[in-house]
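Heads up, the next two complexes both have chain A, just with different partners, chain B and then chain C.
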Partner chain A sequence: MSNLVSAISVIIVCVGVAGLILKRNLLMKLLSLNIVNTATILFFVLVVYSPGDRAPIGTPGAGIQFADPLPQALVLTSIVINFGVLALSLLFTMVLVKRYHTLDLRKIEKFVKREFEEEGS
Partner chain B sequence: MISCRSTFGDIMRKYFISFKTLYVIGLIVVFGAFTIVGLFVGGGAGASRIGRDYLANGLEFPNISNAVFGVYGIYRFYDTLFELLIFSTAVLGITIFSDLEVGSSSGSGGTVESHVVTTSASFLYPVIVIFGLYLAFSAHLGPGGGFAGGVIGGTGILLLALARGAEETGRKFREDSMKRIEYFVLFLALLIAVLGAFFSTKVYGDGAGLAVINIVNISIATKVFIGTWAILHFFVKHRGEV
Partner chain C sequence: MTPLLAGVFSYLSAGVLSFLYSRFRFRASLIGWFGALAGTALAIARYVRSGPLVRTLGSWGALGIEIKLDETTLLFASLAVILNFFTLWYLRGNKDSYFYCIYNFLFATSFSVAFSHDLFNLYVTIELMSLLSILLIGYGRKGYQIYAGIKYLLISSLAMSLYLIGLGLVYREAGYLGIEQLGSVLGDNPGFTVSLGLGLMLVGLAVKGGIFLFSMWLPDAYSYSGTVAAVVLSGIATKFGLIGIIRLAPLGKLGPLLLVSGSLTGLAGAVFAILGRRPKRILAYSTMSQVGYVLIGVGTGAALGVTGASLHLFFHGLFKGLLFLSLGHAGIVGGDVYGTISAVLPRASKVGLVVGSLSIMAIPPFSGYFSKNVIVQAGGGDWVRYVLLFLGLATAIYYIKLNWFLLAEPSGSFAPGGLPLLGLSAIVAFSGLVTAAITGEGELISLLGLKNILSSVGVVLAGGAVLGLIRKPLRRLEVPGFVFDLNNALISLFTGILLIASFIAVT
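Our next item is the complex of A and B:
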């Protein structure tokens, strides 16, 4: 059962990567990045999930098994870094939109190419 | 004269799929299939119990009863340290670029919130900040931690900023003094990480270990609090602008 659900998290990662490559809208790209991160967190959760485990707080008594604490600490890292990366890339998106007035990546590339040619001539 | 023969590419173009798209989707499907097969062949995700060793040793220190804190606060503190460095790099980029590119004008300076919002915000934000501090201080005993506490504190200040205006709240929590505190806290965390790597039982174990653990928690919480506040303050200040 756990294998099946982890397979779903892999599929979600694939969907996110496809959106990251194929979408031309910058905001859609950032949303896809977020989907990848969320699927990674789901995978971390499923790696340690086993029914009946307790949270690893206190001393383990007889017959009580604790959940694995390592992925929980890694998920904390993942969430905070995703927050920072998302905020920074949203700022860069704001800068680009303010300069070129579009979110379409192909149009932005065209504008940038034209600017380079104007500088060269 | 229009040719009646339609190539494969024409058909694809008609349905808005180019060869490049097909190629990328194919690559991703192959990658996903290999990963899923690897999951099933390699014993599966549920079989791996990576942190068993940490769990056995995490309760070795008498001051700590939360094994998750034992992992991110002691055994893998370098991990947390580099995470804090990445976070502060993101915050640094945001503060630099917000001054350079986007400008410091406030897009919604004239909006006045209703009395209900301002009163309830000034009533609620001390409670929220104290709750964040509680989570940060009790991270080694129970659920919570520096990250959660810092984010809760930052969003509590954000509530204040939304109610009273971002400019006024920004004046109260000035960026230059915040930055000084941030770097001091980073230095403190680095010091504890280096000391703890060599003398872990002495640094974390004795009666003084409780103070060190609290300093670790509070430094993480302060770092995350300042970063969250800087990021959210930027986005509140420039909302509705572009």
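Our next item is the complex of A and C:
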């Protein structure tokens, strides 16, 4: 069970990565990145779980297997970090859209290079 | 240990204070710097008294957070303190209190990465650093800066997800997060799962550390960002990934992998820099090339190699900071070295440029000479020696090219803003000699022999001769810009991941 879900989370990572490379729209790229991050969190929570484990609440008694609480505690930090990354990248996208009026990455790259050439020299 | 934590705290409070009381932004940052300086001095005293040490914070037994004090920690903390002092001096008169806030927070994270010896702690500090450095890259709010920032953000966030997956794999097998504990549990022969996990973590760190195929975001980010941002990014932020690699290297058999990727990084960076045309971009490529030296030093696996790598981290931060400051002081943003730069270089800029270049070309007795030669002495096989020789030659070629064209520009008069440049030049010039004198290490002192000096100078002269031969075809060549576009950077990242995975599967 746990292995199956781990495999599924790796597949979700791959889906996100494919979106990240194939999509030209910057917003779609950010969403794909978020899919990758979420799948990573899923993987991280499940990696130390084995079937029949109880949630790690209460005191351990005889015959009860608890899931390892450490990864679940750690993953909270990375959820917060991912939130920060998403907020910051949306802000940056907003600035880019305001300036160039497009979300298409190829157009943005063309504009950016031209702008730098003009200002640099 | 407490002194370095005090340094983190003093930088954090300086950041908060300069944000809240913007009138006192400069004084608050200065106080933060004093706290960090005192902390570093105390930590060095402690190290001299009782040697390297690993401690566990918290009362959770083996699950506590490990911290470590060794020469890498101390060199990195000193680098942060020195760069902080000179960039603060350079920033004097800057009215933007928000910039001071981000800048101080970045130095706080640099102190905390210096002593992290715990996989998850490394992850958190490195992510914090990347959020702060993205704010610094995009700080000028120019379109190209924002684009460089978002490119860095996408690639590095993806890479850190991979780091987290690798961390999960290692934790499942070994059950610890502290590197010292892991080392004792894993033993000499880690299994396939652990190796795969370590490889994935290496990918995450490689993206931060400026390694070829993994960090194609780097040239845009450095050449588009402002002066102080470029100094802090190339001097401090890139080193986070490298420190992570230095910490991880003893866990698995990563030595050959690091030697190969270090050589590739060095060579690719050198080729880019030889073909490069914009001054700031040449410096960015050169950062990539110098990262190669650090990786080779770590990859040799010898204690001497790690010492050389840490020394090179320290000196490279200093002289690359000096070079970026020199260009910034002269107001050079873009432009082509073959003609379209029409800048007046103040005298301080020229001094900084020459001292920094001599140092990075490993001319004795400047600082780069010591670190590069320690790495050469650490060995690592015959082919590594040839790669290092070629890297020395290539460094000479592109720095002679840069100096040739920039020094030909008219000199401006001395401006008071040039004082920090002169101070940093003095430090770059003498820090190698001072380090050799203080530590009294036999390897450093034996480098002052005539044979070593002559061979080092000979390599640079040979580089000049090669440049003379290839100067005409070089004018027509250029690094194609599309290589560093976001999609191509992602694709090269995945090529790198596949290469690492196949390398692990084979060994």
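The rule is simple: the second predicted complex is superposed on the first by the 118 of 121 C-alpha atoms of A that agree within 3 Å, B and C clash if a C-alpha of one lies under 4 Å from a C-alpha of the other, contacts with A are read in each partner's own complex, and residues count from 1 in each chain.
Note that a residue touches a chain if its C-beta (ideal position, glycine included) is under 8 Å from a C-beta of that chain, and two chains touch if they have at least 3 such contacts.
All values reported here derive from a predicted model rather than from experimental measurement.
Of the two partner chains placed by the overlay, only chain C lies in contact with A:Asn37; chain B stays clear of it. Look at A:Lys113: by the touch rule set out above, it reaches chain C but stays clear of chain B. Of the two partner chains placed around the shared chain by superposition, neither chain B nor chain C is touched by A:Ile64.
Contact with chain C, but none with chain B, is seen for A:Leu105 once the two complexes are overlaid on the shared chain. When the shared chain is aligned, chain C comes close enough to touch A:Lys29, but chain B does not.
Contacts of A:Val47 after superposition on the shared chain: both chain B and chain C are touched.
Looking at chain A, you'll find residues 13, 17, 21, 43, 47-48, 70-71, 74, 77, 81, 84-85, 88, 92, 95 touch chain B in one structure and chain C in the other. The part of chain A that touches chain B in the complex is made up of residues 2-3, 6-7, 10-11, 13-14, 17-18, 21-22, 43, 46-50, 55-59, 66, 68-74, 76-77, 79-81, 83-85, 87-88, 90-92, 94-95, 97-98.
Residues of chain B that touch chain A in their complex: 21, 24-25, 28-29, 31-32, 35-36, 39-40, 44-46, 48-52, 54-55, 58-59, 65-68, 70-72, 76, 79-80, 83, 86-87, 89-91, 93-94, 97-98, 101-102, 141-143, 145, 147, 224, 227-228, 231, 234-235, 238, 242.
Of all the residues in chain C, the ones that touch chain A in their complex are 63, 120, 123-124, 127-128, 131, 134-135, 138, 141-144, 146-147, 149-150, 153-154, 157-158, 161-162, 164-165, 167-169, 171-172, 177, 224, 278, 333-336, 340, 481, 485-487, 490-491, 494.
The touching residues of chain A, when paired with chain C in their complex, are 13, 17, 20-21, 26, 29-30, 33, 36-37, 40-41, 43-44, 47-48, 70-71, 74, 77-78, 81-82, 84-85, 88-89, 92-93, 95-96, 99-100, 105, 108-109, 111-113, 115-117, 119-121.
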